[in-house]
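Once you scroll down, you'll see the structures, which are given as structure tokens.
Each of the next two complexes has chain A plus one more chain, namely chain B in the first and chain C in the second.
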Partner chain A sequence: MADFLQFAFSGLTVGAIYALVALGFTIIYNASDVVNFAQGEFVMIGGMVTVFAYAAGLPLPVAALLAVIVAVFVGLALEWLAIEPARDAPPVTLIIITIGASIFLRGLAQVVFDKQFHSLPAFSGDEPIRIGGAALLPQSFWVLGSAIVIFLALYAFFNHTLTGKAVLATAANRFAARLVGINTTFVMALSFAVSAAIGAIAGVLVTPITLTSYDVGTLLALKGFASAMLGGMGNPIGAVIGGLLVGLLEAFGAGYINSEYKDAIAFLVILGVLFVMPQGLFGRSHTERV
Partner chain B sequence: MAFLKGKYGVLLAIAIIVLILPVAFPSNYYFRIATLVWISALAVIGLNLLMGYAGQVSLGHAGFFGMGAYAVAVGPTHLGIPPVASALLGAASAGLLAFVVGRPILKLRGHYLAVATLGMGILVAMVLNNEAQWTGGPDGMPVSRLVLFGFKVKGPVMWYWITAGFLFVGAWLALNLVDSPLGRALRALHDSETAARVGGIDVARHKLIVFVISAVYAAVAGSLLAFFDGLVTPNTAGFLHSIQLVTMVVLGGMGSILGSLVGAAVLVTLPQALTVFHDYEHLMLGLMMMLFMIFLRRGIVPTLRDRIAGRVQ
Partner chain C sequence: MKLKTLMMGAVTASAVLVAGSALAADTIKIGSVLSITGPASFLGDPEDKTLKMYVEKINAEGGVNGKQLELVVYDDAGDANNAKTFATRLVEEDKVVAIVGGSTTGTTMAMIPVFEDAELPFISLAGAVVIIDPVKKWVFKTPHTDKMACQKIFEDMKAKGISKIGMISGTGGFGKSMQAQCKGVAPDYGIEVLADETYGPKDSDMTPQLTNIKGTAGLQAVLNPGFGQGPAIVTRNYKQLGIELPLYQSHGVASKSFIDLAADAAEGVRLPAAALLVADKLDDADPQKAVVTGYKAMYEEKSGQAVSTFGGHAFDGLFILTDAMKRAGSEEPAAVRDEIEKTTGFMGTAGVVNMSATDHLGLDLTAFRMLEIKGGDWMLAK
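Here is the complex of A and B:
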């Protein structure tokens, strides 16, 4: 039972991070049909900038805020300089562009920062909290709590603000949205900014637990993508559930079966789900218009 | 340039390039690079059949490439299978895996094949990384020299001709395929799957056939690389390699066999030139990928062809 709780909690913690990355994928995908493989680099930027700003003497909250601002600027630059000029390109081309952007950002981080692993002090100490025989890090609560706050904030934003509804309208039908006077260019920029901010916050939150380095983004992006697909691409709630599921399966798989193949579990699951439930868990099937 | 349009024009162009280059090569180093280009081009031609004609993207093709490469490393070393038989076995298993993964997935549209192949490629790379007693783990393992009829195949010059031969045959087969009923069916379903289905084309089956063919191309290229390098590492099956292959296809021109060669040539030689930048290598590679896709999104060969055709008129 203690083992079970331990695995469940670490699974939920990591899963919350995957869910945030998957949510970033979903927001950009809905606004622009772009699968942004540079999503993981926002997490890396969040972690790395905070680490170096903190080491330079800034207080932790200020360093974290700075990291989020940097990530938002990178997200906007990505949209303006790389996505917008290739707006009408086929999906493959856009995928290569975002992967190129992710390799570029990784290379940039390697030059600006370094190739070492870095950590941050946990927000409220390292003293584990014991529940039912399992030892839980206080930072896990920070991760889970912040993730919940972000989910609720996004939910409120999309359902109860005019700007949020404009984003949803653009996702549903860009042309129709433009006809009713929605500035879809602004919506796209906004979606990149929000995704970047979410990714960066995830990076700040998770660094005290899993460390960070210039190359953490790739695997996170791939797992976040798998999570988003698992939940059904384009469905925000599906993305969150997909992320949590992948995190839990990884933790239980590593704990009970084989820790060497921990990273494989996300991809085995996604293959399995695609075989059985082709549209993902919560996706809707599409009909092609001729 | 009109001769580049026909099937035999493309083959002639490849033959001329292959025959003329050695005259200009000052050292073995150039033969080595050219060999690497031929090998990549072979894999890219296969992938181009899938992407350019069937309109499907595979983000895990390096997985098949890696299977071919490790087949000729593991087969002779651990299982006592002769090298050439190992290569055939590698190609067969890559084709089989493509069949098994592709069958349920290719019925779907959109990004699903991309995700499924992505997952499959990463799983292959993970197995190669983790099963160290078979594969040597992250360090990789050596491949014994290929001996054919008591004759040792070695040296970049000899491999230049062998791999060029494979490239030529690969291009010839691909061109014939494109020109066959299968090729026409693929082009039809690329334009509109529904329309193709209405026209009586079994969409899923045709996609599956070309997916398996492209996997076999990649595996054969992988085996050649392993023989040539005398060493295999899990990176050959890695995500970055898959992306390089996809970029080569798009950069050269989707649906252009000659473009596959051009795309491979640019992306294989470029990193050689970039090594002078040391720490900036990744940065430059990422930047180039973005710039190529933004400014040359239709691919080098189709863009050039249109330019030249436009000037003639």
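Here is the complex of A and C:
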């Protein structure tokens, strides 16, 4: 039982990280149909800027805030300089542009920061909390709690605010949205800014647990993307559930089956689900009007 | 350095001529192919700096056998194909008489056939045992092997009465190779591996694997062969789960950043490492002290970087070669090769080197020191 709890806690912590990355994918996808593969780099920027600002003597909350601001500017720059000039290109082209942007950001981080791994002090100490024989770090609660708060805020934003509905309308049909008076340029910029902010917050939260370096974004983007696909691309609930599921699958796979194949186990399940439900667990099926 | 890296990328290679006597006939040309940029740059960069600063020093002191050394270095950027191309160039265009280089096992193995054909002595700076086992007539190497690290750890465990252990290994090249070597030599020390877990080199949470290790009855210690951030996370998770067994890390974590990343959790971790890391803490009577403190001081002053064991391998390789040239009284490749093989009692940064026709490495387990992390610093383990 203690083992089961430990696996579950491990899976939920890692899963919450994936969920936050998947949420970032969801927002930009909702606004633009683009899968932004530079999402992982926002997480990296969040972690690395905080580490370096903190090392330079800023208090941790200020350093974290600075990191989020930097990430938002990078997100906006990505939208203005890379996505906007090519906005009439098909989504596949835009996705390839984001992959290029992610490689560029990783290279830049090597030069601006360094190639070493870094850590941050945990927000509420390192003393593990023992529950039913399993040990959980206080930082895990920060990650899980923040994932829930960010999810609720996004849910309220998309369903109960005019701006949120404007984002959804832009995603559904950009031309029609513009006809009814929605400023689609603003909506695009907003979605990149929000997405970058969420990524950076995730980066700050997870660095005390997972450490950070210039290239942490690659794997996170891959896992976050898989989570978003599993949950149903474009659905915030799907992103969170998908993220937690992937995290749990990895933890239980490593714990009960074989640690050598834990990634394979997770991806096998994802493939299985997508085979039966191509839109993911919570995805809407696309209907094309002819 | 960063600008240099960028330029390297564009040019792909740089030939560096040291000593300014390139045209003089009375020079000895030594070649080197190193991974100065790219993923293995943490190996090649200190090796490159070490070779250059010591060739300069040797020349300033009159050279070898009255001749100045001329060093030709190429950067393979960690790519075995590049390494092979540059090896051919060293032989055919530069006409070097000996080679010290090969930062990784991959680049070394790619170059071996070239130097064997040309019949030139080649001292590799890479880790794996396949380089010298089976023995190749023209090939030598300076770094200790991961098998020796396993033996050193098991020796320490045996002395403490530990016979049943759990292993958690990274699946990167380093962790995988050492996992296999350790499992191979464990029976020699009467050690049983009861739990054998792995993790990916980029994983961020190893608590499931460690939970299984914690739940395995009868374990007396845990060994973590790995490299990079993985062992730091393992060490933190180890403390998180409250596992009380002694934790052994490999020489792969023997850098200050491991202590920084693992913080409090690193307390009490034991690992084998080269004497270079604890140069200041060695006994004055220790025969290796003079060599390692001398190299450390020279390297840190000239490069402005903290010393690493990798640069030390290049130091050892260069001096094994020049000593052999002095004994041979010439730089004729066959004579130098014979003398390298006769190297005995050479005190390098890696330990005492005693080569023979059947041993082209020549190090024994004294090359490693058991260290324990105490108060956020390395201590020689008692």
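Throughout what follows, the second predicted complex is superposed on the first by the 282 of 290 C-alpha atoms of A that agree within 3 Å, B and C clash if a C-alpha of one lies under 4 Å from a C-alpha of the other, contacts with A are read in each partner's own complex, and residues count from 1 in each chain.
As a convention for this text, contacts are C-beta pairs under 8 Å (C-beta built on N, C-alpha and C of every residue); 3 or more make two chains touch, one makes a residue touch a chain.
Values in this document were obtained by computation on a predicted structure and should not be read as measured data.
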| item | value |
| --- | --- |
| Chain B or chain C, by number of chain A residues touched | B |
| Which of chain B and chain C A:Asn235 touches, first, second, both or neither | neither |
| First (chain B), second (chain C), both or neither touched by A:Ser227 | neither |
| Contacts of A:Thr13 with chain B and chain C, given as first, second, both or neither | second |
| Touching partner for A:Asn30 - first (chain B), second (chain C), both, neither | neither |
| Which of chain B and chain C A:Thr210 touches, first, second, both or neither | second |
| Partner chain in contact with A:Asp263 - chain B first, chain C second, else both or neither | both |
| First, second, both or neither for A:Ser119, with chain B first and chain C second | second |
| Touched partner set for A:Val111, first chain B, second chain C, both or neither | both |
| Overlap of the chain B and chain C footprints on chain A, listed as residue numbers | 111, 260, 263 |
| Partner chain C, residues of chain A touching it in the complex | 3, 6-7, 9-11, 13-14, 17, 111, 116-119, 126, 128, 130, 134-135, 137, 206, 209-211, 213, 216, 219, 251-252, 254-255, 259-260, 262-263 |
| Contact set on chain B toward chain A in their complex | 51, 57, 59, 101, 104-105, 107-112, 114-116, 118-120, 122-123, 126, 130, 192-195, 239-240, 243, 246-247, 250, 254, 279-290, 293-294, 297 |
| Complex contacts: residues of chain A adjacent to chain B | 35, 82, 85-86, 89-97, 99-108, 110-111, 218, 222, 225-226, 229, 233, 260-261, 263-264, 266-268, 270-271, 274-275, 278, 286, 288, 290 |
| Residue numbers on chain C that touch chain A, as the complex places them | 2, 171, 197-200, 202, 204-205, 207-209, 211-212, 215, 228-229, 232-233, 239-242, 257, 260-261, 263-264 |
